[in-house]
Each structure stands twice: as C-alpha cells, then as structure tokens.
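Per-chain residue numbering starts at 1, and chain names A, B, C and D are given in the order in which the chains are listed.
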Amino acid sequence: MDFSVAEKTQELVRRAHDFVTAQAQPLERRMGDWRSLEPVLREVRGKAKALGLWTPQRSLPLSEFALVSEELGRSPLGHYCVNCQAPDVGNMELLELAGTKEQKKKWLDPLAAGEIRSCFSMTEPERPGSNPTWMETRAVLEGGRWTLDGHKWFSTAADGARFAVVMAVTDPDAPPHLRASMIIVPTDTPGYTLVRNIPVMGEAGSGWASHGEIRYQKCVVPEENLLGGRGAGFALAQERLGPGRIHHCMRWIGISERALELICSYSVSREMSPNKPLALKQTVQEWIAESRAAIDAARLLVLHAAWKMEREGQKAARVEISTIKFFVAGVLQRVLDRAIQAHGALGLTDETPLAFWYRHERAGRIYDGPDEVHKLVVARQILRKHGVELK
Amino acid sequence: MDFSVAEKTQELVRRAHDFVTAQAQPLERRMGDWRSLEPVLREVRGKAKALGLWTPQRSLPLSEFALVSEELGRSPLGHYCVNCQAPDVGNMELLELAGTKEQKKKWLDPLAAGEIRSCFSMTEPERPGSNPTWMETRAVLEGGRWTLDGHKWFSTAADGARFAVVMAVTDPDAPPHLRASMIIVPTDTPGYTLVRNIPVMGEAGSGWASHGEIRYQKCVVPEENLLGGRGAGFALAQERLGPGRIHHCMRWIGISERALELICSYSVSREMSPNKPLALKQTVQEWIAESRAAIDAARLLVLHAAWKMEREGQKAARVEISTIKFFVAGVLQRVLDRAIQAHGALGLTDETPLAFWYRHERAGRIYDGPDEVHKLVVARQILRKHGVELK
Amino acid sequence: MDFSVAEKTQELVRRAHDFVTAQAQPLERRMGDWRSLEPVLREVRGKAKALGLWTPQRSLPLSEFALVSEELGRSPLGHYCVNCQAPDVGNMELLELAGTKEQKKKWLDPLAAGEIRSCFSMTEPERPGSNPTWMETRAVLEGGRWTLDGHKWFSTAADGARFAVVMAVTDPDAPPHLRASMIIVPTDTPGYTLVRNIPVMGEAGSGWASHGEIRYQKCVVPEENLLGGRGAGFALAQERLGPGRIHHCMRWIGISERALELICSYSVSREMSPNKPLALKQTVQEWIAESRAAIDAARLLVLHAAWKMEREGQKAARVEISTIKFFVAGVLQRVLDRAIQAHGALGLTDETPLAFWYRHERAGRIYDGPDEVHKLVVARQILRKHGVELK
Amino acid sequence: MDFSVAEKTQELVRRAHDFVTAQAQPLERRMGDWRSLEPVLREVRGKAKALGLWTPQRSLPLSEFALVSEELGRSPLGHYCVNCQAPDVGNMELLELAGTKEQKKKWLDPLAAGEIRSCFSMTEPERPGSNPTWMETRAVLEGGRWTLDGHKWFSTAADGARFAVVMAVTDPDAPPHLRASMIIVPTDTPGYTLVRNIPVMGEAGSGWASHGEIRYQKCVVPEENLLGGRGAGFALAQERLGPGRIHHCMRWIGISERALELICSYSVSREMSPNKPLALKQTVQEWIAESRAAIDAARLLVLHAAWKMEREGQKAARVEISTIKFFVAGVLQRVLDRAIQAHGALGLTDETPLAFWYRHERAGRIYDGPDEVHKLVVARQILRKHGVELK
C-alpha cells in the first residue's frame, strides 16, 4: 500500500483549506439568515471559480475529491461555496448519469453553473426512510403527462429550489425494487406546494439551510420529465447514495478535525486557575488522543472505500460504504460531544460552530440509512458467506 | 430499607402527573415565543394553585418534592407552571435562608406568589465556572452603597427578571472561599444592562426561556441589598446548589421517563413494513431495557441522596450529590439519544420535545459543575479516607 | 422511602465483613487446590457457626440477607464459608420449597449442615441455555423408577457433590413449559458419570471450584426422587433463579466494592515517580468516581428488587429481577476492568483477586440468562403495556 | 493513495494463512504443557522453513511483514512457529541494530536459527513500567566486568531462555534518559535466578508461554556483554518498541479477525430454537458489523503507521505508533468480549481460543505502555503545536 498523496492533490487540498478558512468560516454565523447571506455567498462562489475550486466533484476522481471534501467540511458553508453541496451535488450526478440531452441542458447546466438550486424529494413522513421500497407518492402517466400525488418531507433546500427530483411509485404492481421512478418537477408547477420549512432542532431555517415539507396534489409534468428509466428509481437512488456517503463521511471528518482543533486551541488558552490552562487536565488530553485516533481511523476507512468504489464499483464496495456510514457518524458525534464539554458553557453558544454541528449533524446517524440499517447491510453480506441469508 | 411511598404522596404525585399532562404538555411547543405564551401560563398557574400544586418545594420535604419534581420534569414547562422553576426556586431558597425580614417582604413574597421573576448572576465569560472562587466582578462598599462592576453571562431568565442575585468579589484579599458576597440588584438599576439573550444551541430564546449576558457598570445599590453575610457568597452558593442538584436530577428523570415512553409508544405504532412495528427490532428492545434500568437506578440514587441530605445535611451528602449530578446527566443524554434514534427523522423535528431536550439538556453535563468537577469531588472524598488529599 | 438499615442488621453486616476479611480473604489464593483447602475451610465454617453467620439465607429476609451477601462477596470464598454458596444455596431453597418430608431429611438436612455438597444439572452443551424449554435429557418413568439419559455441562461443583438435581424432559408432548421435571440423582448412581471438570478460562478447577460435564446413561433412580410435581421443572427453576439472581447481584456488588477499594489503596501507595502517587492522575480519579456511582446505583436497584420480591412475589418483580441481572453484571465487569488497568502488570497476576474475578465473573453476563435474554424480558413486559406482545 | 497489495505479497499472506490454519491452530490447545509441545513445534518450525516462512520479519519490509503478522496472529502459536515471536523478535532486532560482530555471532545467529530462546528483562515489580527511567536494577562496571543487582518480573519466556537482555542503571547521575544500559546476561550466570513463572490470570505457564520473575544478585558478566552504547538503554528500548508495537497490533488484528469468524461460524450453526440460528438476532448482527468496522479501521491505521515508520522513521511516526497501541488494543478487547458473549457458556471454556485471548490479551492495554501513557504521548505531540508543553 502506498499512503502518499500526489503533490498536485496536496496543493489543491491546501488551496481548499485556505479558501474555507478565509472565505467560508467568517460567514458561518450568518447561516440563520439565508436571504441576506445569499448575495454575499454569490461573491464568494465567484472567488472559488477564480481559484479553480468550482464543482470539484465533477473534475476529480472520487478519492481525490474526498480529500477536498474534508477541507470543505471544516465549515458548514464550505461545500456550498464551491457548489458541491447536498442535495445539488447528488442531483448533478443523477442528471449526468441518467439525464437526456435536453434534461442536461435544461437542468444540469444551470445547476452546475450555480445559477439555480434543486431538491431531492424522497422521504415521506408516513413511511420509514429505512424501507425505501415502501412509499405512498404516486405518479400516473396518461396522455403523455405524469400526474403526481403525495406527501414528502425532509426535502433539503426545497426553499428556493427551481426543481425537485421526486421519487414516486409509477408501477405499484412491479416487484418492490422496480416500483418507483424519478421525475423532475419544476417548483412552479401547479399542485406543487412547499408547505413549510420543517423546524429541525428548533430551527426552520431558510433557503439552502432548510428542510422542506412538500405536497404534490394533481401535480402535472410532461412525460419527458422522467429521469432515467421507468421503474429505475430505486436503482438510481442507490447509485446516487454511494458517492453521497463518501461525500458526507469526508465532510464529517472535516468537521471532526475542526472540532479537535477547537479543543486544542481553547484548552491551551483557557485558564482554570492562573497559569493553569485546561490542557493540563488529563481528561482533556485523553479526549484529544481518542479523537485523533478515531478521526485518523475514519479517514483511512473512507479513503479506502472511495478507492475501492473507483476500482470495483459501488456494488463491490457495499460493505465498505455501509461501514463508513455508521462508523464515521459515530466518530463525529463523539468528537463533537467532547469538544462541547471541553468548551463548557461557551460550547453551548453559537460563538463556535460546535453547537450548530452538535444539533444538526445528529441527523447523520439517521439520514441516508440509519446506523441500524447499515449494520444490517454489513452483517448480511458477511453472513451470506457463512451460508445464512438475512432478510 | 423501606422503598414504599406514602399513599398521600402517591396521590400528590398522580395529581402532578395529570396536571402536567393536561396543562403543560399541550403548550410546550410554544416555548419559543414567550411573550405570547406568558399570559396563557398565568392561567395555568392559577389552576396549579387551585390544585394545591403551587410552589411544592416550599411545603414538602425534599425527598417528597423530588417525586413531584420528576412529574413536573415530563414537560419543559412543568416546573414553571407551579412556580418552582430555576432560577427562581433557588433564589427563593436563598432569600428564605439568608434574607432579612425586609428582603423577604420585598423580594421573596412576590417571587413566591409568582408575580415577578428573578435571575442568578454568577457565571462569567472570562472565568471558568468550575472554579467559582476565581471571579472578576467586583462590588465595593462606600458610603452605605455597593457599586458593582462586572460581566456575567448564562444568567438564566434575566429577560423579564425584576431582580438579579449577583455574585461579586467584595473582599479580594480574603481567603479564596470568603472573597465573594451575594447582592440583590434590581434590574432597573442604572448601570445594569441586559446585553442580549445569548444564542444557545441556535436559540436566543426570550423571557424565562433564555440565558442573559449582563454588564454591571458602576451599578449602585443600597448596602442592605447584601444577601447573607459579607464574604458568605461562596458558602451560600453551595447551599443553594445542593437542593438544586436534586431538583435538576429529578427533572432529568422525568424527562427520561417521558423519552422512554415516547420510544415505546412510537415503536409500537410505527411500521417498518406492513404489520411489522419497529418494536419488533431487538435493538429497540435493548434501548428500552437499558433505559429502564438506567432510569430506575438514577431515581433510586437521587432519592437516596435527598434522604441523606434531609437527615445528615448537605455536607455529609457531598459524595451522593456529586455522584447524582454526573450520573443522572449521563443517563439523560443516553436515553434522549436513543429516543431520537428510535424516532428517525421525526426525532429531529420539533414534533416531539425530544429534539428540544437533546440540545438544551446537553448543558446538564456542564452547568452547576461539569461532570469532571463532580468526579473530582467524589474521588477527593474517597481518597481522603485513604490518606491522600487532592487539590 | 426510608433508606435506613436496622441497627441489628448493620451489626450483622459488620460481623460478616470482619469474618470475611479475617477468615476468607487469607485463603482465597489457595482456591486452585481444593483438596488441600477443604479441611481448612471446614474449620473456618465452624467459626462461622460460632459467630451466628451460618446459612444466613435461611434465617434472614431476602432484603437483609442481601446486605450480608454483599459482604460475603468480598472474597471468592465468602459464601462458601457460611454455607450459602451456589449451587447448594439454590438446592436448599428447592428442597425447602418442593421437597417431601423424606427428601428434606435425606438431602436438605445434611446440605444445610454443610456435611455434603450438591450440584444443579440443567445446562446442556447441545442446547442453548437461553431457551430452557428446549432440552434433550430425558427421564422415563417405568415400574416406579426413573431412567435418565442425557448430557449436561456447567454443573457447577459436581466434583465432590453427593447428589445432583437434574432437569430432564419427562413429558415431551406437554406444552413447552410443562415438559421438564426435576429429579434427584445421587452421584454414586450407576450410569451417572462426571466426565470431567471443564476447563473454564484455562482452569479445570477442582471440588467446589469447578464446573462438571456429566453424562446420564440409563441412570436409574426411584420414583420418589422426583422433586416437586411432574412437569414442574421449569416453574421450579424459575422459582430457584429469582432469589438466586439477588444473591449473585449482591455478591457482585461485594466484589465491586473490594475492587474499588483495591484501586484506592493501590493508587495512593504506588508511586509513578518519587512522591507522585498514581492517585494524583485524573483518569484514576474518574475511575474511582464512576465506580462509586455505578456500584451505589447497582446496590439500590438490587435492594429495591429484593424488597419488591418480598412484598409482591417474584412474578411482580420480573422486570426488576431481569434489570439487575444485566445491569449489575455490567457494572461488575467495568469496575474490574478499571481495577486491573489501575494495577498495571500486578493486576494481571494472582497477587490480587482481581484477575480471578476478571476471568471467572465474565460468566456473570451469560449464566442464569445472558444479558440479551434479560433485556428481552424487560422490553417484553414494558411493551405489553403498549399493546405489543413480543415472543 | 493506493490500497492495493502486491500480488507477490498477497501470495505470501495466503501461504502464511494456510500454514497457520493447518499447522498452528491444531496445536493451540496444548499450549499449557510446553514441555510436551516443544518437540512438536520443532517439526512445525521445520515446515515453516521449507515454506519460506521462517523469520519473515528479517526479510520483509515492515509494511509487508505486518500483513504476514496478522495471519500469524490468528493462532497463539503462529508467530512462534515461524520464529518471530516476542520477545525473541525484539531481541533479534536489538542485536541486529546494536550488537557487535561477536555478539551477533554468539547470540543473534542461534536465535535467528531457532536454536535458542531469549528474554527481555526490563519491568520491575517495585517501579512503574510506565516510567521507564525510574528503575532500581544496577550494573556496576569494575575490572572489565559488570556486576548486576536487581529484581525484574514479567520477563516473558525467561523459562528456557539461554540469555536475557537486561535493562540496568549504569549511570545513576546522568540525565534520566541516559542512565540505563542493556546488558546481555546468559541465564546460567551465577547470581541469575529465575524465581518463578508468575501466575498470570491463573496460569504460571511454562517455557515460552510464561512470564518470569528474576533476581540478579551479584551477577557478573564480561564488559563486552554491554549491548549498544553505555547509557543507550532507554533509546534502544524505544527503538525496539516501535516495530514491536506494529507487530503486536497486527497480531491483535489477526486475533480479532479469527474471533469475528468464530462469531459468524458459530452464530449460523447454533440454533436458538429449531431452525432459528443465533445469526438471526439483530444484536449478533450488530456485533458483526461493529467488529468488521473496527477491525478494518484498526488495520488501516496500523498499516499506515508502518508505512510512515518505514519512510520517515520512528520519531516522525510517534503519534501514529502510540495511536495504534491503544486503539487496536481497545478494538481487540471489544471484539473478544462480543465473541465470548456470542458463544455463551462455550465461550468461557477452552474449546475455542477465545477464553485464552480474553484473559491473556487483557495485558495488551498494559504492556509496552498502558493506554493512558500512549494517550499522553499523542496529546503531548499535538498540544506542542499549540504551544503547550506537557510533562
């Protein structure tokens, strides 16, 4: 094995690091007010373009992008600033992968240029996200048009999105994994209603920093808005989620690194009594060491998973992808918890990004498959080799 | 040992339970908007009085109040509805214990009647709360008046408080534990400024549900506003914190019980696939069992600590009090974490109180002494018997 | 609630404490050689009788015996020295409860006098102990005689036992919980073979300190050796296990207390560098505090379970009994682990009893129902109230 | 990064795997009786030579040897069978690195040939191993001879060793890290006494599988038995421990992999009720998934540390080496604990190697620096960059 990183990649990573530090971090406390922040971010995005950091996921191999993604993760705004933020990044991948020429022109190009935003509308309040084949939203094709009816939530960034990629059952009698399709629904379509931004951890948020509840009521779009094949929804969602999990995990590692740095910088400066900095406490030292170990382990796991995905494809890397999903989410939660404890009352305030991450990244153990589902996936693959097939 | 609870107390506990369920829980989602909520709560408080539930801490022995406090804890508004909410409950105790006749008349009576609110102003941003003898706020006595200068934060409920009990150094050259005194400062005193409600976990909050940052700048109050003896601040604070920790711990147990009930009720009704409720998952069953065990253990520890405090005093129960502080805070955090995981995306929203508690009760491992300090207290007492004196 | 302990009980507990310290602890390192130790223990048992400590479980209410049991647990020999050691203590209970007058005279009296030993023969290598209704050993009644055939292991203390209480299927077509019966089999019965003492954690042990593998091959005993009713085996086993779990748990608490004391006494005397005892390390202090909290919590849980069992019976206390089984076993394992870590290399040797307990009490999370089964029991009872019946 | 392993190395790893499975595993239950096992192992060692597996550490780069070491670790006898077992492997490294031509001829050659065994005599019962500069054993040079006096224990494999490498203070007035030297002491030197094999976790063991207590009493050896420079003992010990920690960690990963396989193979075959294998339990599935994740993370961390050591030297890899020491030891303990729990009573017996590892690998968190010391090392390096120097 060769753990070295090409000098060229290292340089790019440093550039991303400096960009995030200089451009994204100073703005992160303004996330609560998206309306006022968006124009500022437009300028910052311009700088990203100038620095060659724009949509890095589109030009870099996954394993190199992963390293950049870690750096972007050091600020809640990092990914947005270079236009590789969820859910747009996943929608770009979908359009790239399965879009027609017209769809690409109409939706992918402005998305990649950062001119519009989008959302991904899959999760339903009435059905468990951990069972993606059980879904209530329906799309019926008649006369060259799809009519959608359904109820979705946790459609991240729906507020301000130009279109939604909607997962809907189109073939209710097909085998479970072939029932759903993806359909592009412009948000100005009659019958599309953004009911509200859901208050999540006390914050409804706004703009990109929000999660929408959406109703589709006799919502009609042209037949050609089908994205990918009919019945291919589930397969496409899986395809979308694979790299998405690498993205999330590397982002979490970036968060964890920043949290660890905050523990260090705060504990050397905060005095418990005159000239006795917090860093002299053995407990704080153990937090630092355990965080260091866990983050390094997490990064190697993710980079290995990305490397395997690149070489052997998503299916071959199924165990690795599920492994990192629950492993890294757990590391992140523990590091953040230690960082808050190290900061005391300050850690609870919004003076650092720790409290933001503490509450909003709790979702990491739930979305894109909760820990329990990913553990089942890992165990299933392993036990299969021992002759037992888990449902 | 006799673990039975007097029938009369059981009846009171049931009454508190029903009151919280019927009156407090329906209002808890409105906490974010204190202005509109306060008048409604005034009515609810009237009902509490009618039901004989008003300021139960003043009439009941600590060990009985503890059981009532658990019930009140089942809603974030429970304690407020019967006027035994922090920080007023602690200030009432202080005034009762150390107040002059005039102070009681002027401050305690309206506080106990629920006509005014108060705050407790001790923690400073520049100094570690875990070292309460190291404090920058000064009060100088001259010509029969105290002049206060200093900077405080996390003065809970300062927004709307009629007065603050301020901890200030009055005798900087005395031994560390005799340097500070408590002084009552009406909030309309010139030189008193509520700078802001600190954004905590993303929410600045308002009214009672907030934490204030306060500046005291040449803030002058009469000499008779000294509460308790000069130099007695630290001792009084300790006195205040003892029962306070019982209150907090029982409140946390109430929260934990409600969270466990939510796990149960949700997991029996949420179907993972048709007719397969979540409750059939072994992992959920283990969460239930581990939560049951931990909560029951926590409750017995707290009731025992209260019983010992009642019989032998706070000093004799020092190990027990510090033990419950970190033990119960840990139980609460784990139970809430499991409850959120069990609820999936729903657990992140404000549809249940879980997300509120998840973010705001993280503070429980920090305020009134972080875990690490309480563990030191316990170890110190134990190791003393083995001949080693820890600093 | 009244957590006080009657002065009389306190005195008895102190007596047990002093007895164990003076008589049992000095012998504990000789446990590996039962042959040479047994005569010495006979004398010690004489002293126990003289001190009024003999078979305390027979004269004391469960909740008082529990406190004595904790003291006995401070040495691996404590319970043996006063003749309330497993498995004899359980067999005495069975005989008391279900034995005929003749059975009591023949087996209970000499057992209670400490003249003979016995074993309990239930677990089978081929069948999971966690499913006690699935069992291969058969007993057939014909001509006034039971003929037993089967294979058992983990029959603790079979080596040297005068008789075994054997659990065998007598009615294979009855409902699962009514299939098995208990039958007394003298160990000199033809067809009874103690195959070996099973090497457990590297030690086959001998005498009382061993676990036997036994074969029953056309092993014939008189009809009157049936203990309790035909088909009552499972019910009796449950009856036996209830108080047995209280016994085990209190013993574990005694072990935990001794381990905690060893942490303290070692850490104040062991110097890491000149004049810097190990006790100055914050990590050791945290081990002490966390152990103190966990042990106190465990004790209260067990005493409460015993109190409830006494007042309301085993069935009513089912949740409490299962709760303590897994909770206390977990506390014990963590405390022992910390104690070994605190002792460094010394903790791995047999200079302290820690290493013995570390390896042999690992079984505590497995025997009498593994953690996972007890958690299921707790969850089942709780979820039943929410309308879901777990298998 | 390139995570691929050269085909040649893969082939070697497979060969080692098959060798361990076929030759070492069948013998592992005989480890308790070294006298009878040693001749058999001699034959097996011959096969290792024939297969090109002999002393692989001497011919392979560390990062490749690491992969072989994992395979060897799958049996407690694996490393011994190819002559890269501790402590001989470390002593070979020392002699290679610092030995004179004569020393190499006399001690290294027969050691490398597997003709003799050796031990490493550093730890002292009266002094903490975690402070290696504080040591009581003295060696005085006079008239061309070293006279040693001291008391050591945990000299692994002293029983049967031809010589000991002894760490002794030769220059008590030098700076702490320059006080000690290494001296080769043949075990037949007068004044050298192997007092006993220390009972560790109940087993004194014998031969290679033992830990000796040694007294040096006016033990005289020639001046040329000094190994490396005078005062270089500490530096050499550090040099020895670096690769040693890679060896141990990869061995632990091998153990963990075998334990995980045992969980899988047992859980698919053990039925809880007819046709319901244990593997259907979600808890077991979670153990499998969590073990898979932790072991994979551990392996990557260790391979990365080995890679860095190879390229940048031990000093540069100090954080990485200390990180893996405590991280992997923790993974191992958790995986073994789960494996035992999955096996129930069987896991406690010596029918599988789990119980052996459970008790004897508990030492892994203690020897070569306890967890706490390695965490301090990591924190010290990190905090240094933030401007605080920890002692």
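Going forward, a contact is a pair of C-beta atoms (placed from the backbone, for glycine too) under 8 Å apart; a residue touches a chain by one contact, two chains touch by 3 or more.
Here the structure is a predicted model, which is why all the values come from computation and not from measurement.
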Angle of the C-alpha superposing rotation, chain A to chain B, to the nearest 5 degrees: 180
Same-residue or different-residue interface between chain A and chain D, half as cut-off: same
Chain centre separation in whole Å, for chain B relative to chain A (CA means): 37
Whole-Å gap between the CA centroids of chain B and chain D: 52
Interchain centroid distance [CA atoms averaged], chain A/chain D, Å: 42
Where chain C touches two or more other chains, by residue: 281-283, 286, 372
List of chain D residues in touch with chain A within their complex: 1-5, 63, 264-265, 267-268, 277, 279-280, 282, 284-286, 288-290, 292-294, 296-298, 300-301, 303-304, 307-308, 319-320, 322-323, 326-327, 372, 374-376, 378-380, 382-383, 385-388, 390
Residue ranges of chain A touching chain B (in the complex, touch as defined): 32, 123, 125, 128-131, 134, 153-154, 198-203, 270-274, 278, 281, 283, 340-341, 344-350, 355-356, 358-359, 362-363, 365-367, 370-372
Residue numbers on chain B that touch chain D, as the complex places them: 281-283, 286
